[in-house]
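If you scroll down you'll find the structure; I have some questions about it.
So that you can tell them apart, the chains are marked A, B, C and D in the order they are listed, and the count of residues begins at 1 in each.
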């Protein structure tokens, strides 16, 4: 599904989107992968007494969905992320279904770079994470 | 590492650090967790012909180590990330050992917020990722 | 369950069976392992509006239980699958408990081969998957 | 990346392809997921003395890549696998890079069904697994 693209194929307004239910399993796996066992993510007793009322997903877990989208936007044939910003706006709970959208907002042809905006919403349409990436398309050096 | 802290316990210059070898397993698990199968991460034949000369870790995988550090800096008793910036400066390959350091650079007491700077270096002392977080310590509402 | 066997030990009617509850975790792990994020498996909102009324397990996840049974039937000392057919008859949902049965239906001694029939039923006795394998027992070359 | 499709959008010759390096991690995870600990997959000492000379991937692990491709071929908006056949032709070892191709070979409009052929090759161009699926596109009932 990853098509090969050249920088010239990219246009402002190009979009990619994915939808995934964030499960308890994702939270457990992300804790194990990063070592982030902050109690609001892995300690239900603590989390229940916190202002969240129960465990929530790591912001960086939810935010990492943009990694997938960035690859779809860039396509194969060279492509790299230079910078990623994420804003964590609302908690995501196990069972929430997140729709993540990436959209090219700016092309910087002299550097073969592009800016991508990310908006992640839950099943109620609430924005939970926003982000922005600076990417580079370096296909000359790629297979 | 996770001690309970109040906002008043935090000081500019407070640091947390962790060191981890990033393995092929981490890359496979992160691909599975996010759905990011961009070929430079999971296709050795493609990656070998790319300018990287072999598979590299997802930037967001390496960057996600800051999630752990942010929790250590904040301590338990309330704490939340509002924003995270990451700059991807050099590729990380399976077998690279990454040392990630977080340091409080600014306190904003009127909002109970703090700024944390992240520096991730490899076993050769090369900086691979840098970042900055804006965090909030909201312990009044926490267990 | 894994005993060493020779081809001469195998008989038509030999059976192996296992029972497992298929969990949301199994589905999340299988999606990550294969990259199969088809929405009826990982997007609860989509799945709820589909004719399934909620997420279902990947057919190949349920079908992969036969891989375990084939090894039990063959035993160690050489053994290999040549062909596997699977028919997906009913959806399997998180929480369903699947009993998988394998049975030798035919021996083909001149080729040291055997045919194995698979029947997978849920906790209500409904057949969810059926299958057939062609296996070979090549113990002369095995440790 | 999963586009919505109607049965009328499908054509004989439509293809989907993916490439993945099969790692030791994938084998360990598949063993855990299925319970298939047959020694040629998980016991390096046994596998080294076998005719394979080392651990090999489960046939059903490699074969499960077709699950991803079938979803890409069908698109969202309803779609289901009725039957899958797999032939295991050559062993796949950790580090082998597998390219899996799916292609629609027949449309059966009166049943809204289609036949899909699968060919999986390694980095040397050797065919390791072939398969065939019978699928159904049932979008009228889908979201």
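Structural remarks
One rule holds in what follows: a contact is a pair of C-beta atoms (placed from the backbone, for glycine too) under 8 Å apart; a residue touches a chain by one contact, two chains touch by 3 or more.
Bear in mind the structure is a predicted one, so any value in this text is a computation, not a measurement.
In terms of residue-numbered contacts, C-D and A-B present the same interface, as over half of their contact pairs agree; the other options in B-D, B-C or A-B do not.
Chain centres computed from CA atoms place B at the largest separation from chain C.
Contact count check for A-D and A-C (C-beta pairs in contact): higher for A-C. Taking each chain's centre as the average of its CA atoms, chain B and chain C sit 40 Å apart. The centroid of the Cα atoms in chain A and the matching centroid in chain C are 35 Å apart.
For this pair, chain A with chain D, the centres built from the Cα atoms lie 27 Å apart.
Chain D has residues 2, 18, 20, 26, 29 in contact with two or more other chains. Taken as a contact graph, with one node per protein chain and an edge wherever two chains touch, the assembly is complete, since every chain touches every other chain. The part of chain B that touches chain C in the complex is made up of residues 29, 31-33, 35, 37.
Put simply, chain D touches chain C in their complex at residues 2, 18, 20, 26, 29-30, 33-39, 46, 49-51, 58-61, 63-68, 71, 76, 78-88, 138, 141-143. Those residues of chain B whose C-beta lies close enough to touch chain D in the complex are 24-25, 28-29, 32, 37, 39, 42-46, 55. If you check the complex, the residues on chain D that touch chain B are 18-21, 23-26, 29, 95, 97, 123.
Every residue of chain A that touches chain D in the complex is listed here, in rising order: 1-2, 16, 18, 72.
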